[in-house]
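Structure record follows, encoded as structure tokens.
Labels for the chains are A, B, C and D, by order of writing; each one numbers its residues from 1.
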């Protein structure tokens, strides 16, 4: 749009408000978000009702039936111990979903307060927090996660914590930069001039007006966390066997690549589609919540 | 809108066609926005004579800037689109011109200065290169010659140390200096027409005066006609020969500045003039204001768009949009009640 | 500009110091006493006295802050201690592996930059065309695809099925350019494609934003040809945010290298990291983290220099 | 030095200084010089009076307003509110002071929190100062305020984006008067509005002043608006006051060369007057406040400056009754 005094776009800031029906309506108009959202719900359904959807146990070994090709009985075939791949896939979905969501929740609980504190108090507090975050960011994410796992031990919760700590710095940086711009807005000055307390300033003025990109980032973050968990499990460092995860399924498939290449596909495609779905929803949220970027990304 | 007015305009134009350099006929420009279709400029006709200073005045959303951008062929498409009309310039209809032809006209025969001095210059390119660019494109000057000429132009617009400024970047300059650079750039090829779109709105009063005086001086020196787009009624009074008053996408009144200010032909113009407090004498009590709000362009009232805010509104105004009609010598206005309104003023 | 760069340098040093403190204390507060990494899980065949001797030999009996100071002091002199696993100097292990990781990282970054920026700019300029759709669509795909799975697919297709590319090992490109290159293609591609997607999205949105700026309109009002508007006025401005992303990519590439190097038996730092972590070989782990963190910090610093070179607003600040 | 004419003033600013440090240095921040945004300003406002504070960018007029309401910390001077120095108040007194001083900002889009309804925005000062403690009382007060500023009480549940620019400014004004202030700082209250809406808001402010007996500090750059709205006018340039006088004196008989130039730079919407007016066009730009000229800060652009002006800083002194001018040549 033309940036002139008589801009013809009727107050584009308008759409920035956050009201549940509004953004949901916006999302529902965003075609890819609907596709992504539906797929996420589908995977969630599989994960929750996994025991009802299959006749096998995920860790049930059946040596005579090892390396079976996909068939009616074994939809996706069996692995080197004769375990049913479809069963392992839907049980693996539980790990991916739980780790993805836990990580982001942890990241937000660390990142949002850090970012808001840095922005609101500024000065030394800000510098200290930001240098610390820079330091954290300078350690390659996967290496950091591996170190944390070494300290904390493997498992769903520790993997989520490791990945959550990883994602938290992006959250902190993002909300800090948003909050800094809120700090320059006149409504914030007005509230300060009235003598509004620090708590009210942060919770009523700063946070609601800077949280949007964090929400967008969170939905993208779920995808990153799913990828991260898969990588860690692939390396044998995340959630440890025999619990099935998409990452350790692929790790096994890698070892038996020549004898059973079909094992390589389903977990990979599942990760890809689930991560893509979260990024569709994230893009949709961005379009709805931040009209400035509409259609640009 | 009305053929009657158009033929009158045509007649006026052809009588004096030797000196008319720009003629806009029935221009309509629309934008598709999420809120709906915006008729930013709706059936606008006007002309500019050689060396004339025309002001287009109005409040936000009136369509004054979109008119200018339409003339320059700079409407971003999509979402904007010129849906009708003619823009005659140098014997050619610009709306039919090819991209190459338009590029030749822009910056060569027609220049434009924008509102925001801080963002209108390329931040990573030196001032010298930016001023030299039109010289190289339109006059075919060599790099060295263009640089020399750019230095001359910078000194013409009154920048101190013009030769050193050639290698400076925009962020090293003040807003006033940047607007001077914009003038140097827009005037570099001595265009026939220069459009200044709120060119001094962002500047301080004392700097605004400097830049406006400079603009007028350079335009006179180069024989360039000016279209000044502004919301500042004082600027119009000081510099314009003619004035078009726009409201909600349409020209509501047009005439010589002296005539329009002394004897406004439209209740909107009159309301606008009386809304501005006086600098020359102290007033107290209520200012005469126009009641209500500027209408939403996606949802204009029926009939005359000014109707809902107009103190003289009649039933007819709510049904039919009034055409532009003569209200005096070289003075037109679009108001059903203009006779009655002017009688009471 | 000197002042700007000096202040960035100062910040980088502070950040690096924080990393060293955090890494040191994080590794040393591991629930497990590092001595057991040295002598084995159950310290079989060692008497308590012997363990104490080893503890002393490796300086593990001193207070932590003292150990930290001596670790930093020695590290600055190039002495990173001995690997617990094979008692070799850590610095030698690292030195041997740096060229491999560097080759891989440069290859991956090159793929990211070449594919990412060009497709991003083209997509922006042909907005909503079929090129844009294709580029945007493949970027969506590439951002979401796990790099190790992409690597698996490539190994399966090019290595196993077609047999046209080697799937195992590494030769330095200056030792054997052809074989080195053939070995590099798949890992570099697997590692670089995610970055390409990120850069594509970033440069597309940045280009679109730039094309809407006032100075682009100014250039058009001067009669500048559209091609020149893009190349001269828009490109450089729109690359500014892209450069920032580039600096951040290094960290992602080094992280990703951990998986990719393991898969392709690429003898770089990532592979060393995995094997050291599995063996809790602390001196090596600390050295790897410090080296990769240094690489990221240096990359960011170089980005700052590049940025200030492109953007005169910083150069003359 | 003091130019306080009324002993009974709401606000009395004496020798106010706001200097922002310019930080240099790499690891250790060194303080090198300062931007003297406000440098020795004296100003008083009587109850129910409107003082116009005009100046161009960099003049420090906005900083004066922000210093009063505590958004920036003065580096020197005294801000006295009803006889007590605001800068030395304890928190209870400060709370009371904040209740009695309202503020209206320029940007009708930026000055209202987009996530709050009009009701919550207007009741913010009531909550902050524990006024009208029951929910019903507060709601009734908000509706009363909405009607006072010319809005429909039914609009209370709307969000800022559902209002036009003028309506938003009305909400901002309702918020400012909610806690019954005796002084309101108006920081460019109409400059972002269209001409026809400006007049409505100016009228509203006038009306409220008559009704509620509020004093205004009217900070603006539009000289016509300031003339209409003010009883007295103070002209600032580069952090210092150039001239302070009753409005007619400033506009009809300006004494400071800067005031004269400023007035002559404003075009008047009347072609006939414009033809006859003589104008002084100042040369050059406003100097940077980081590095202001020695002596009189205006001397670099002043048509009558000489060497003396570079040497001594002119004090603000009463030249004709009530008219204070800071110029060696007057």
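Structure notes:
Throughout what follows, a contact is a pair of C-beta atoms (placed from the backbone, for glycine too) under 8 Å apart; a residue touches a chain by one contact, two chains touch by 3 or more.
Not measured: the values here are computed from a predicted model.
The minimum number of touch steps linking subunit B to subunit C comes to 1. Between the chain pairs A-D and A-C, more C-beta pairs are in contact across A-C. A straight line joining the Cα centres of subunit C and subunit D is 53 Å long.
Between subunit A and subunit D the centroid-to-centroid distance comes to 48 Å (mean Cα coordinates, whole Å). In terms of their C-alpha centroids, the spacing between subunit A and subunit C amounts to 21 Å.
Within subunit B, the positions touching two or more other chains are listed as 59-60, 76, 114, 116, 119, 231. For subunit D, residues touching at least two other chains: there are none. Within subunit A, contacts with two or more other chains are made by residues 1, 3, 15. Put simply, subunit B touches subunit D in their complex at residues 59-60, 160, 174, 176-177, 204-210, 213, 231-239, 257-258, 261-262, 271-273, 275-280, 282-291, 293-294, 309. Against subunit D, in their complex, subunit A makes its touches with residues 11, 13-18, 185-197, 200, 204-205, 208-209.
The part of subunit D that touches subunit A in the complex is made up of residues 66, 69-71, 94-95, 98-99, 101, 103, 105-107, 109-116, 121, 124-125, 128-129, 159, 161-162, 172, 175, 179. Residues of subunit C touching subunit B in their complex: 212-215, 217-226, 232-233, 236-237, 310-313, 316. Considering their complex, residues 11, 14-16, 18-19, 22-23, 26-27, 29-31, 140-141, 143-149, 152-153, 155-156, 160, 201, 204-205, 208-209, 212, 214, 248, 251-252, 254-259, 262-263, 273-274, 277-278, 280, 285, 288-289, 292-293, 296-297, 300 of subunit C touch subunit A.
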